[in-house]
Amino acid sequence: MSKERGRTVEMSEIMVPQMANLLGNVHGGWLLGFLDRTAYVCGARYCGLNLVTLSVDQVFFKEPIYVGELLTCYATVNYVGKTSMEIGIRVTTENLKTGQIRHTNTCYITMVAIGDDQKPIPIPALTLRNEDEKRRFQEALIRRQMRLALYKDKDPS
Amino acid sequence: MSKERGRTVEMSEIMVPQMANLLGNVHGGWLLGFLDRTAYVCGARYCGLNLVTLSVDQVFFKEPIYVGELLTCYATVNYVGKTSMEIGIRVTTENLKTGQIRHTNTCYITMVAIGDDQKPIPIPALTLRNEDEKRRFQEALIRRQMRLALYKDKDPS
Amino acid sequence: MSKERGRTVEMSEIMVPQMANLLGNVHGGWLLGFLDRTAYVCGARYCGLNLVTLSVDQVFFKEPIYVGELLTCYATVNYVGKTSMEIGIRVTTENLKTGQIRHTNTCYITMVAIGDDQKPIPIPALTLRNEDEKRRFQEALIRRQMRLALYKDKDPS
Amino acid sequence: MSKERGRTVEMSEIMVPQMANLLGNVHGGWLLGFLDRTAYVCGARYCGLNLVTLSVDQVFFKEPIYVGELLTCYATVNYVGKTSMEIGIRVTTENLKTGQIRHTNTCYITMVAIGDDQKPIPIPALTLRNEDEKRRFQEALIRRQMRLALYKDKDPS
Amino acid sequence: MSKERGRTVEMSEIMVPQMANLLGNVHGGWLLGFLDRTAYVCGARYCGLNLVTLSVDQVFFKEPIYVGELLTCYATVNYVGKTSMEIGIRVTTENLKTGQIRHTNTCYITMVAIGDDQKPIPIPALTLRNEDEKRRFQEALIRRQMRLALYKDKDPS
Amino acid sequence: MSKERGRTVEMSEIMVPQMANLLGNVHGGWLLGFLDRTAYVCGARYCGLNLVTLSVDQVFFKEPIYVGELLTCYATVNYVGKTSMEIGIRVTTENLKTGQIRHTNTCYITMVAIGDDQKPIPIPALTLRNEDEKRRFQEALIRRQMRLALYKDKDPS
């Protein structure tokens, strides 16, 4: 029986002044890049294939992230379709002086597996091992339908 | 009569190898950071206030962006509420060898004006000067309602 | 009739603390790099060829550029010789709080088109469509003669 | 009873081409910087104080680290003295295509807690909760004595 | 008798792929930034004051600089006026495989000393200790007159 | 008679705010990367071969390094074995305001020459031309024996 591959990843980074905006908080733009990198690692660990980002769902910057904090992204493969997968990422920050942890963001990123000819290729199906995984999968299916609906509307003037 | 401030901005950047993923295309994460910076400039030019990013609507990466291309973001203030504003960004790339231009993405970013006490402050109302501006405003209002609905749902397990 | 290619470009960038010297103003060295990138884009858009920088004319840093300002470079192809071209760049900054715009620099960069064998190759001749373009071309010819004179003198001890 | 603070941290980073040397492997210099950052986070999480690096023990680069791999550092507080602490870091890489994990390095970094007057300040003593922690502490004590001996010899011609 | 301060500096850097343009050679823009940094260090070592760049004389990129080479800038204070100074920089590259050294560029940078009120302040006069220093001073005086003449002409349309 | 290749190098860099930690001093991690780069240049200048870092001996951060200082690394090839070499690096900083120079660190880095098949290849033997070079060689031999002893012990739990 083959060993199952991981479907989660945890990535942390210390917030330094180079990441701050003029108000002294971490740039939304920096965080978006880190989310994308985390989703890539999570998806690649699961399937071992080349991946490109297809979409990033709406991101709300609920709370500021401060210089000096430790940012941690917990990513999970929620859903796998034929050639794409949804990765959910929960972002927390830890104040290293006080130990206080805050949940600052959550977002969903869809990635596509790409073959050597730069065309989409199949991703191994996701086995659902417990109730939590089944719930995540169902919720991801609903988001997928919303995305497809939005996408048709999206072309701008 | 006071001179009206600008409500658009155009920002361009040449795509270099340092922005590429392992497939040789520009990282989604890099683009997200550039979109955020463009929205900041567009909004700050309009109101002259400190701004922070509140949300980035779903971004679809419709087409790859290649190293060597010139990426251009055209941003417009679509909507101004009491303390927040929506900025729409249309992204195109230009192949500098052939002159061919492609429309690769469109996205909407919401920013909030922040005072010296880090609390939201009012943004001057947007005068709607023609049919196009009225249409953009109406469409932004609909997106705003979708965002508020999504936001309530959003808190993750 | 073939569509004519562009001969100008506008590139903007928001000035962030990472670009500042110890006095809090933007480094001359950073600006020089941005001028070079802008000239490359302007020239490549005109001719669609690989370009390398041959010379940068004297640059005067007339006025400081401050963190928080929007820097904009307007570049134009002034002159095209057999294998080289002069690009003129006008630099302005915009204070995003007040809307005030200052002209801070102007400079001229000469680029050479390079073929696959790394040797210079011809650039399509520049059609002069109006009085302004003719004046720019004549002024560029004078600078070209000064450059050739300077270059002979230049070898240092 | 107060909640105990963490004494470990795990930090991961995806290896990108920008970290590679001319042979295509990750620079030793880049890794040394990442080790230092990891030790800082681990130590700061334990004590909540400002820390500076006092020494990095000999680092052996046993095996190359390749672009595309996921590098993970597991750090632990091994030893706490009056104002300094030793952090041990175990480095592994994961090939995201095959899932293969290699142990590439281990190293020990000593950090000092610094007060507002930039002078060393006390660090809370480390409780040793099991045999593994006692063994780590004893081994760290021996390394500490070697360091003190080396340090006296160290001043170079 | 007070110890005299240095008036030269040598700065070296290894050329890495991140500095290359699409042809694989080092960007002119990167070199311009390094020249500016070298001039700053040379001038600050001489006078111990805050300095800003006033102008960079014409730079000719006589020869390509390749990835893998060691670039070295030798800078000298050639001339000191009341509040400004000219620094000459000779650039060479060393092929680390063959040991071959090429002289690739020379340029002249003018810097101004700045006080706490951001206004120009006096720089200690330069003692000319030998024939070589006298020649450099005389040549710099001629370049200074050319600069003043150019500067008046310079304001662009 | 063939010209002998260099066996030393001097590399300098101005310390800028981007290199600082939260206390305003230069990161140990940044310095470690610079030491590694300096060792590479010194070794490659001596032998003209591809080199990778095998080990970095214990580094003590004796004194803080401040933003605004000029850091200089003097590197020398101390010892050459069959396929590896030890490079010693002496680090000083110069306060550009006062001219004061401090010796802040010394360290020893071992590099291995690598052929096109990524396997170690011979390095030309080091001729010892005077008493100082003989002393350095002897001291390096002792460090080499300590390293071999440490290495055997090193594999961590």
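Details
When the chains are written out, they are named A, B, C, D, E and F in that same order, and each has its own residue count from 1.
As a working rule, a contact is a pair of C-beta atoms (placed from the backbone, for glycine too) under 8 Å apart; a residue touches a chain by one contact, two chains touch by 3 or more.
Everything quoted here is computed from the prediction, not taken from an experiment.
Farthest from chain B in terms of Cα centroid separation is F.
More than half of the contact pairs of B-C, counted by residue number, reappear in one of E-F, D-F or C-E; that pair is E-F.
Chain centres here are means of the Cα atoms, and by that rule the chain farthest away from chain C is D. With centres set at the average Cα position, the gap from chain A to chain E is 47 Å.
Averaged C-alpha coordinates give centres for chain A and chain D that are 28 Å from one another. Rounded to whole angstrom, the centroid-to-centroid distance between chain A and chain F, based on C-alpha atoms, equals 41 Å. Chain A and chain B have Cα centroids separated by 21 Å. Counting partner chains per residue, chain B shows two or more touched chains at residues 17-18, 22, 37. Across the complex, chain C meets chain B through its residues 3, 5-6, 9-14, 37, 40-41, 44-45, 48, 70, 94, 96-99. Taken together, the chain F residues at the contact with chain D in this complex read 21-23, 25, 27-30, 32-37, 50, 52-61, 64, 88, 90, 106, 114, 118, 132, 135-136, 147, 150-151, 154-157.
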